[in-house]
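Both complexes shown next keep subunit A, but they swap its partner, so subunit B is in the first and subunit C is in the second.
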Partner chain A sequence: MKKKFISFLSLLCLTFTSCFSFTGCKSDASSSDTLVVLNYGKYIEADVLKRFQEETGITVKYEEYESVEDMYAKYKAGSINYDVICTSDYMIETLGKEGELIPIDYSSLKYYKNIDPAIIEASSSFDPTHKYTIPYFYGTVGILYNTKMVDEKTVSSWNSLWDSDYSNQIVMINSQRDAFMVPLKLLGYDINTTDKAELDEAFNMLCDEKKYVYAYLMDETYECMVSEDAAMAVCYSGEAAMGMEYNEDLAYVVPEEGGNLWIDSWFVPRTCKHYDAAMKWIDFMCEEEAATANFEYVWYATPNLTVAANEDEETLADETVFPSKETLERCDIYSAYDNETLDYTTTLWKKLKAY
Partner chain B sequence: MTNKLRTSFLAMPYAIWILICTILPLFYILGYAISNGDGSFTISNLTAIADPVHLKSLGLSIQTAFITTVICLIMAYPVALILHNLKITNKGFIVFLFILPMWMNFMLRILAWQNILSNNGILNSILSAIGLPTIHILYTKGAVILGMVYDFLPYMILPIYNSLSKINDDIIEAAADLGAGWLNTFIKITLPLSKDGIISGIIMVFVPALSSFVVSNLLGGGKVLLIGNVIEQEFTLARNWNLGSGLSIILMLFVLLSMSIMNRVDNSENGGMLI
Partner chain C sequence: MKKVKKSASFLYLGIIFLFLYAPIFVLIVLSFNNSMSRTVWGGFTLQWYFNLPTNDTIMDALWTTLRITLSSSILATILGTSAAIGINRMKKNHAAIMLGATNIPLLNADIVTGISLMLLFTRFTSLGEFSVVLAHIAFSVPYVIFNVLPKLQSMSESCFEAAMDLGATPAYAFYKVIWPEIIPGVLSGFLMAFTMSLDDFTITYFTKGAGVNTMSTMLYTELRKGIQPELYALSTLLFLLAFLMLIATNLKSFNKKEAMRV
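Now for the complex of A and B:
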């Protein structure tokens, strides 16, 4: 009896531990008053979502993803017909090249005028005809550092990441594209280079850096910096702003060699079944109240000009959140890699991890 | 006859479950593994294991799984033995205590280890409080092994404890009557008779440790690339399902190989395998 009980228990435990990875699949609904939205995780204020449903009577099926690659995998799996998606610049370019985008009917948008023309202009790199996207948030990649451990002068260059004084104190960004951006900028190359010799050079620098790296992290970066487990971290500006909220010794800088400017935008994919509802959604995101609420939750730079009126001067002057003109001039937007370069950098990334 | 029919009918739900959730996906993986992006036949996804990066991570996986299994065995056997020799009636309760941590989600427990081991974590705070130098352990191979040992230890203790419970006390007493010492009894009686449990335990620890990728993701900080991580990244980051499937098949072969080796060692007639 006892043995039976024990084997039952161990079976139970096996089931429990193996269950955690299962995620549910939702079937898509095709009634006219629903909308299937796909967005980054933690990228919308919950009340905004609720208010949209109350005001329009549209039921939203809201799905989230972690990284750009996850989004692509989810979309390409094809089991859900998404109506409107928010993702990053170079992925939109990739999808555009694959013919996955549907033009947006700008005439139906009341609040499109709220969007900063400068950011729309900057979107040219992935939406050259300005037909397919509406900017949602934008930001930079830079160094979040602890002022108690690192001098401001040191981090003014990406070189600081190769400083042996900070061995085991450096958190590197765990994203292939952003990680390669750092040595490419340092070497003075184009961050969108497809030249294999240049990529190899960047790869060798990253291998050289690995011995100083404490960890390659993404979402855990700010926790790691807040608890002062590391002295500096390569991360996104929003991640940095979040960390600085919790630890006042933290500061953020985009090194003088420059970095990456990224723009996350809404677009309508080919799988869209509820076009009118998708337009209503996009318009709602551009509306002042919703945009302000989202900004105060997400804490990335918003391209919505009406938000500024609701924020105090301190927030607006915060260069971590709103990068200055000079900073933006130093930053470039990623363009989509062709398949060959993508495969090549993926291989290099894998080699680096195994190094 | 009707009895037989009825039992096979009762097995239907499980058979359907196995068919849909195990056998079909396996065929899918096999299909992906032996084709390329265009759908034409190729074995390059299988031979890709010879790539230095893949070989290195497979080697690292085998090494990690081996060390984890050895540590688990060294720690689990004495525990199981003590547990078995305890002269209390409610042993089920003690065993229950060992499984209790497993009732909490495994990810949460690994995340707790992150907090304990980090540069400014609990362990280093204690070390510096008592005047010892702090150590850097989080995001190293050592941390990954520690996480795996912590996670898989109960799977080693339970089968060994089970097999020890099966040993008839009379045999031990007979050995003592015939003048065998404690050590002699242990080596000649207890150890051989608990071999089933040891082998089950080894398989239950070695196999999941070989294919694990979550522990190395969380405690390896992206610096420890096991074969499981390579496969995961092929499916997500690189979007190369064919290569991911090919490497999965190779990994499966290694799992089958290690199990068949263990089964050969286990030549006893009652074959009390847990899996």
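Now for the complex of A and C:
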């Protein structure tokens, strides 16, 4: 009995160790032609991913995240060595300050010329030397409104969010940074201000607005607008485009005071183990066919100039998707807050929620 | 008075059922909705069900989930059953210590288990699908032990000894005497390990490698831009499967009782 038990145990041990050694081999053998990509959820057309693997013979381990903060936690956990990551402007700036970025070898990119120089120029707020990033998608923050309840003139200013006629019909964006951007813009201050007096003023306006607000929402905004529970909502242009697809009475505008321009870009982090493959990936994302497919799937503004050739007039004229030059000029990009300002605005934001 | 009491109790029951099943009902209705939106009814359609097999992300996640769940629950059942047999044979004190040790993963918060396993795996091996299987085995073994041990304790030691006295080898005696007694426990342990592994999110999230997605972790990343309606269809199918299994097991026990009565 005992002997059998011992042999059984050793058999178990054997299977486990063999399992371990197998996985060991796997990760070694695959290291030369794999690529670990980290991107927002649903931010790529599945066929583009498939085609990249077929054409280059590189196996892609494609990982997704839900929010920017999520991405930071995932990256900082250090349990996976990512080769190339796509994320938003101010997070890239933070990572840059922490020394986590590796320069991109632009000379190896065949399709970099497809990228709109204006957007590259705009990226200088988080990548001042233009050494680390390639823009992937961009968009704005504005007001999505129902044309049956609100007229165009009213929403041409952020002031409309303080209009008592629309009491309980306003959806405010449930994001600290974007919510503070609105009163700051209305007051004519810099959206990246670190001046506490200015932030306090903005905070007081937000408190004042709260009595008109129906709800603070983020991902549910477009659902709420589609079902006509609210008359207007502060949201991202991508969210607005999604809502307009279901309800033709909806329209989107960036008020004349301007708003926020956000840019999601690719960068190579310090953990990169497959630099050449990462370059191939970035180049592939800039290629015409891939960029078009991605655009038609994601439906955010693409910085890729070649995409325009494949789209019809109506799409190109859609200002929700492609903000006009004038709109872009009115918009600013967020820069990363220093710790003190971040703590301060977080406290204000909590106070607002409890107000 | 009696009538009021009765109707009140029915109402109470009705409210409880409403809370339990209304969300599932909404999900089932949405799976037939001919619109991507959650609030607009676009008419009846079966397209999400037909699209399901062609949706690579969902099918990929489904197969990964099934692979991980099946392999981890089978391995956990083998490990747990052998552990239960061992514990049953131990002296009282040793058994208590052993049980305490195996209970820790059960009582531990998922997030602690997840993070500590992640640290362990990144130190000694790499994260991937296999690390998830190992993690799932780690937290499902106690469930198997819990299901098998009572069965072992309730059977008499003498049967096994009698079989040995009559010339059976230990393995033969185990197979003929012990195994038939404990098999219901092993099966329910397996089912528990299976369901625990199927709907685990926290531990999977921390121990999975890049590009490995189970149903739960995929859903989490999908939240950002709205859930694909194909997922409603898949969830409906999974719910129906569980429902049918429940009916089948209940029918069986019902028939048995009827047969006994005759």
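Criterion: the second predicted complex is superposed on the first by the 325 of 355 C-alpha atoms of A that agree within 3 Å, B and C clash if a C-alpha of one lies under 4 Å from a C-alpha of the other, contacts with A are read in each partner's own complex, and residues count from 1 in each chain.
The rule is simple: a residue touches a chain if its C-beta (ideal position, glycine included) is under 8 Å from a C-beta of that chain, and two chains touch if they have at least 3 such contacts.
As the structure is a computational prediction, the values presented were derived from the model and not from experiment.
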Quick check for you: in the superposed arrangement, does A:Phe284 touch first (subunit B), second (subunit C), both or neither?
neither
So, does A:Ala215 touch the first partner subunit B, the second partner subunit C, both, or neither?
first
Contacts of A:Tyr111 with subunit B and subunit C, given as first, second, both or neither
neither
Once the structures are superposed on A, label A:Val226 by its partner contacts, choosing first (subunit B), second (subunit C), both or neither.
second
Contacts for A:Lys351 in the overlay, against subunit B (first) and subunit C (second): which applies, first, second, both or neither?
first
Is A:Trp162 contacted by the first partner subunit B, the second partner subunit C, both or neither?
neither
Counting only touches as set out at the top, which of subunit B and subunit C does A:Tyr82 meet: first, second, both, neither?
second
Is A:Tyr145 contacted by the first partner subunit B, the second partner subunit C, both or neither?
neither
Both subunit B and subunit C touch subunit A at residues 20, 67, 227
Of all residues in subunit A, those that touch subunit B in their complex:
2-3, 5-7, 9-10, 13, 16-17, 20, 67, 69-70, 72-73, 76, 168-169, 174, 176, 210, 213-217, 224, 227-230, 343, 346-347, 349-351, 353-354
Given the complex, residues on subunit C that touch subunit A span 35-40, 56-57, 79, 82, 118, 121-122, 125-128, 130, 170-171, 206, 209-213, 220-226
Given the complex, residues on subunit A that touch subunit C span 1, 4, 8, 12, 19-20, 23-24, 26-27, 36-38, 40-42, 46, 50, 60-67, 77-80, 82, 219, 223, 226-227, 242, 246-247
Mind pulling up the subunit B residues that touch subunit A in the complex?
53, 56-57, 91-92, 95-96, 99, 102-103, 105-107, 118-121, 136, 138-139, 154-155, 158, 161-162, 165, 221-223, 225, 229-230, 233, 235-239, 274
